[in-house]
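A single structure is presented below for examination.
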Amino acid sequence: MGVVRALILGQGFVASIFAIGVERIKRGEIDCYGVPLANELPIKIEDIEIVGSYDVDKSKIGKTIYEVAKNYWDGEIPETLKNVTIRKGIHLRSLRNLPIEAEGLEDEMSLKEAVEKLVEEWKELKPDVIVNTCTTEAFVPFGNKEELIKAIEENNKDRLTATQVYAYAAALYAKEVGGAAFVNTIPTLIANDPAFVELAKECDLVIFGDDGATGATPLTADVLAHLAQRNRYVKDIAQFNIGGNNDFLALTDKERNKSKEYTKSSIVKDILGYDTPHYIKPTGYLEPLGDKKFISMHMEYISFNGAVDELIINGRINDSPALAGLLVDLVRLGKIAIDKKEFGTVYPVNAFYMKNPGPKDMPNIPRTIAYEKLRMWAGLKPRWL
Amino acid sequence: MGVVRALILGQGFVASIFAIGVERIKRGEIDCYGVPLANELPIKIEDIEIVGSYDVDKSKIGKTIYEVAKNYWDGEIPETLKNVTIRKGIHLRSLRNLPIEAEGLEDEMSLKEAVEKLVEEWKELKPDVIVNTCTTEAFVPFGNKEELIKAIEENNKDRLTATQVYAYAAALYAKEVGGAAFVNTIPTLIANDPAFVELAKECDLVIFGDDGATGATPLTADVLAHLAQRNRYVKDIAQFNIGGNNDFLALTDKERNKSKEYTKSSIVKDILGYDTPHYIKPTGYLEPLGDKKFISMHMEYISFNGAVDELIINGRINDSPALAGLLVDLVRLGKIAIDKKEFGTVYPVNAFYMKNPGPKDMPNIPRTIAYEKLRMWAGLKPRWL
Amino acid sequence: MGVVRALILGQGFVASIFAIGVERIKRGEIDCYGVPLANELPIKIEDIEIVGSYDVDKSKIGKTIYEVAKNYWDGEIPETLKNVTIRKGIHLRSLRNLPIEAEGLEDEMSLKEAVEKLVEEWKELKPDVIVNTCTTEAFVPFGNKEELIKAIEENNKDRLTATQVYAYAAALYAKEVGGAAFVNTIPTLIANDPAFVELAKECDLVIFGDDGATGATPLTADVLAHLAQRNRYVKDIAQFNIGGNNDFLALTDKERNKSKEYTKSSIVKDILGYDTPHYIKPTGYLEPLGDKKFISMHMEYISFNGAVDELIINGRINDSPALAGLLVDLVRLGKIAIDKKEFGTVYPVNAFYMKNPGPKDMPNIPRTIAYEKLRMWAGLKPRWL
Amino acid sequence: MGVVRALILGQGFVASIFAIGVERIKRGEIDCYGVPLANELPIKIEDIEIVGSYDVDKSKIGKTIYEVAKNYWDGEIPETLKNVTIRKGIHLRSLRNLPIEAEGLEDEMSLKEAVEKLVEEWKELKPDVIVNTCTTEAFVPFGNKEELIKAIEENNKDRLTATQVYAYAAALYAKEVGGAAFVNTIPTLIANDPAFVELAKECDLVIFGDDGATGATPLTADVLAHLAQRNRYVKDIAQFNIGGNNDFLALTDKERNKSKEYTKSSIVKDILGYDTPHYIKPTGYLEPLGDKKFISMHMEYISFNGAVDELIINGRINDSPALAGLLVDLVRLGKIAIDKKEFGTVYPVNAFYMKNPGPKDMPNIPRTIAYEKLRMWAGLKPRWL
């Protein structure tokens, strides 16, 4: 089905592992473990080409992915990553309180001009799919398109976040080239913000989002589904996460954590069918854990005749590769969605890959089920249905 | 849809909790937690009537369920359980090496006569569904019907186990009354033995089996499905179980453990699509744990770009209520199958409720999927599909 | 050696379990499990007499311990607890933000008058040992005696906490009766505040404190000692706690958590001999967990030749009985210390029983070692030394 | 204090990591983590010299440690390990049922001649300390010296194991050179067999043994001590171990496991002061786990007022480095014991380093305490006492 051209926004840990892994698979060095649909899709992993990358970390701009990826990987970096040089993006305070010096297009021009500049560059780079892997931001969703456009027009830097500006630019770009996709892997609401979904439909943009489903949350969803299907009554759920990468450091910032208020914490209610007392949050930053977070979950539930059971789940999980593996599917599915002209957002994709599957008000469902729906959407045979 | 009449073979921990729980639900004392299909079925939990019970423990025969249930439950026992007196069944060494004095019909007569006696009694008790909750046995499957019939005719007590004789009697009974169901919750192959399935089809018997799916195994299946769907390569799986009930004591007997050789240990391969080194066995007996077993699982898997993750799952799980809750569904589904005339065995039921779903050579599938298939078979709307 | 007369400040979960447990031991109903020195001391558990109790919860004042204890214990409450009626104490905002209506002596009179009233009442009740089990407070230590006295004189209700006023009253009482003990089981610095230790020495008061060593912290100390003795280098430590009792609810209040700033978090450095990145805090409130908290710990360490090992410790621990069991020792050791005239504070006692053993700047040591030192201080043979 | 000359019996995983680690420490490449007494002893780690090595694996004999160590370590092997060539030792079925072709001196000569040959070679290599790290054997202890000598004289190959013959040879060697030490890190009873201790006293041999205390057992001892000191009543203990190195493979052999019958399983009773139901055994072999075993422990205990708490401990622990780090101390302590002329066996050393500390009938004590006793024996200041 030909090549898919991918462009990265935020050349951090996830995007670097994504770039390295794809190149290593192309070279036959590794298996495609961690890529849910492996090579079952008509677009092969080998067909992914990274055509551009943006960041706002002063120490990264102007360097190649090859150079930046060294920060995140001890092994040999594929030489092909020397071909892409990192360009300056939009920051809008997204690195505030992190030990990083930021610099963005909006420091030199209005947001409207910055958007135009991005669109121009993208028309030259010709990405099919634009992947947003920025740092978690403090944000407020828009709700309607007019508010969003107004904020851009008025250069309202306090109202907008980097992700929102990028998604807006992606829509303009899609309109000009007749179709593109935007994959949002962070909590900022895009696929769940009607403002963006409406705009996407008008502009021939596909949106996948929001918040890539890695780590403890999708596992919790499947374990809760397991209990729900046996009609066991879950009394309480505690879930802790602690890690040592920049994402955990960013979450120690209270403003950013507030952004979670806008995300549905509805996984518990969506799956169980009732709410139950739960404590599910990222819990802390511990530098030596690095990218391999420690998770701990505890659940109590009532079984037949009033018996009370307990489950404790602990894990050491590499955060960035988990998301990077999903990206390998998402860029290919983005291209497929463009070809199918499914503009707006695509729930059967989001339901499997995203913590907060858009559009707004759509529920979380057990991932095991979502997986089969996804396969059918993508034209593959279900695995067990 | 009217009452379902249930008969118990083996009035141990599971059967006693089943009897107590059903009566407490009838009295409105407790919710029906732990019963997967709750009160969604046309036959209600309140419609279950226990009409007979058999055992081979000398100290139980002749007592009422009310009296025997006291051994397994500290709370108040429903008075209605005084109505059923435990009759003498078949043992055939099934209690060998356990600290229990056994006595069975076959001590006084030939197996053929014992079967006839059972059928006569059952024609009087009129059960719809016969539930086998005997202790785990050392057994050899038959494979064809002729061998089975020959063993009965020749009174071959070394070849047959209690469960095999009971299932044979159930078939004869079904033939005489025009339909019945046999639910096999222990590892002895019945739904997986073509000898019994063939016989069942000829005699209008429904068989559900084998080996009720409680505890760590179905959870393992769903966690493996979770990993398989993300194409994570599972490097190894260790799963330990230790408990203090009679079932764990029975498994310390090597002969009995050998019976596991005939069961499919294919859960790993069925779900993952490949085999991987695993150690999955009941591990020991520790009396003070009682019916609440301790489980411990460890898995290592490869994620994207070669990253290695680990999961550890620990649990304290009440063994008998878990199975008893499934029985509340199985007796009702048995009646439904009779009404639907689905004689032989019913994979969509077995796939959700059984560790080793018959018929022979049918695979284990993720329980989350099996649940939806079951619902559709039972005429219910799928929950998430 | 005769009776020890105990008086309780804060008739909550811990104090109620303490009162119930002691009476049940007297009646021979239960073993003295959870009491470290069991009946090895010259003063027996049966010699403990509860002579008074104070609280500031409007719904408790005027009731007997018997009535209040019902909130915390489902079993039969010993009738003897009808003999003690709960009196009004000091609150000073200690219940702020908790769903409890508070009322204290200071609502009707100056702090100085309140202290005088307490001393008068105590002279009548004649306690040997006064046990403080108030809710965790937001506090600022004094450092010197003069500041403390000045705050009382000036009726400075914003500067003082309930515990500080109680400890001051205990000193005045000790001076009048020629010796008493004050056991501080909460984080407020008393044994670690030179102001109180100096006052105690002058007034013939024994202070034990601060912050009873229950739950995860002393276990962490012993596990760290285990690693330190093998010269394993601990890379990082994460420790989570979540529970459903009032103490966890109180800790969700940010002000109160700040009080932890004044406590030594030096357990890591004290035991390992170096500091290492750690995250050790109470983490959340989850009501259905009740008094049985869930703890989760993770440690990584470097072993020989650079090998990296990991330990994960999970527990379900009854919070209040753990502390109540220590109180059974502490009231008896308080009397022994009075008899030995060891006024001020007693490190060999604090080092075993307290998270933050006073006096100020004294280190945490492995509990296994502290236990032997304690035994020797108490005149008992060491167990293994 | 000059060099200590070490000789290895069994150049497997542990001995190879020991050799590599010591050389890397000499070269300043790594810290001495995992070596309990670090560089506090008068003999420094840099003073350890490996002067000889024996094995019975045909593929190792004649090779250098440098070549063999490659099987166990991916990193760069120190060149200095090219100086020692592995000689042929004694096997006596010790590799039976393992996928290894064995060859020993006793294949060509009588045991008596083999012993003489070893002694001759050792007189030339001049070791101070002989370290036994053979594979776990099936053995029967001797009890008295005469039986042992008779078995050698009569060439009774069925009665003797490799370790017993090596220890006998070590005694003869010690007698000839006026002092030597034998460190037994495997379960075969040497320090706990009066036959060997008596012989050692007569021959100026120091014995340390038996069974190096790595992994879960010493941690269990310290956790049990923690509970015992709080007078918590331990109801039950389950402890599982699973690993993928040769030692776990060897333990799948039933004969070898029987050897455990002769070892004291008294850790529970020694520490708690009473026996309690427990299941503590190596549980299985799972090749991909490699040298990093998975351990899982569960304990239930009764706290004050009858409350029941639970602890679950899981770990991933590198097996061979844990023991190799202890060896770095043991060879140095062996030399110190020779210099102190403490012939026979030395309990203060064994109590810290060994699972089954000799001499016979001596108890296990908490390691935290044992550590302080060890330090005092070795002339060091206690750390916390």
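Every chain is named by a letter (A, B, C and D) in the order it is written, and numbering of its residues begins at 1.
One rule holds for everything that comes next: a contact is a pair of C-beta atoms (placed from the backbone, for glycine too) under 8 Å apart; a residue touches a chain by one contact, two chains touch by 3 or more.
Computed from a prediction, not measured in an experiment: that's the story for all the values here.
Asks: What is the set of chains touching both subunit B and subunit D?
Replies: Touching subunit B as well as subunit D, we find no chain at all.
Asks: Would you mind working out whether subunit A and subunit B touch using mostly the same residue numbers, over half shared, or mostly different ones?
Replies: Result for this pair: same.
Asks: Averaged over CA atoms, how far is the centre of subunit A from the centre of subunit C? Could you give it in whole Å?
Replies: Going by mean C-alpha positions, subunit A sits 47 Å from subunit C.
Asks: Centroid from C-alpha atoms only, then distance subunit B to subunit C, rounded to Å. What do you get?
Replies: 51
Asks: Using Cα averages as centroids, what's the distance between subunit A and subunit B in whole Å?
Replies: The separation of the two C-alpha centroids amounts to 44 Å.
Asks: Could you check subunit B for residues that touch two or more other chains and list them?
Replies: Subunit B, residues with two or more chain partners: 310, 312, 314, 316.
Asks: Are the chains arranged, by touching, as a line, ring, star, complete graph, or other?
Replies: ring
Asks: Among the chains present, which pairs are found to touch?
Replies: A-B, A-C, B-D, C-D
Asks: Inside the complex, what are the residues of subunit C that reach subunit D?
Replies: 17, 20-21, 24, 30-38, 73, 218-219, 222-223, 225-226, 229-233, 292, 301-318, 321-322, 324-326, 328, 365-369, 371-373, 383-385
Asks: For the complex, give me every residue of subunit B touching subunit D.
Replies: 235-236, 238, 240, 242, 244, 277-279, 283-289, 294, 296, 298, 300, 310, 312, 314, 316
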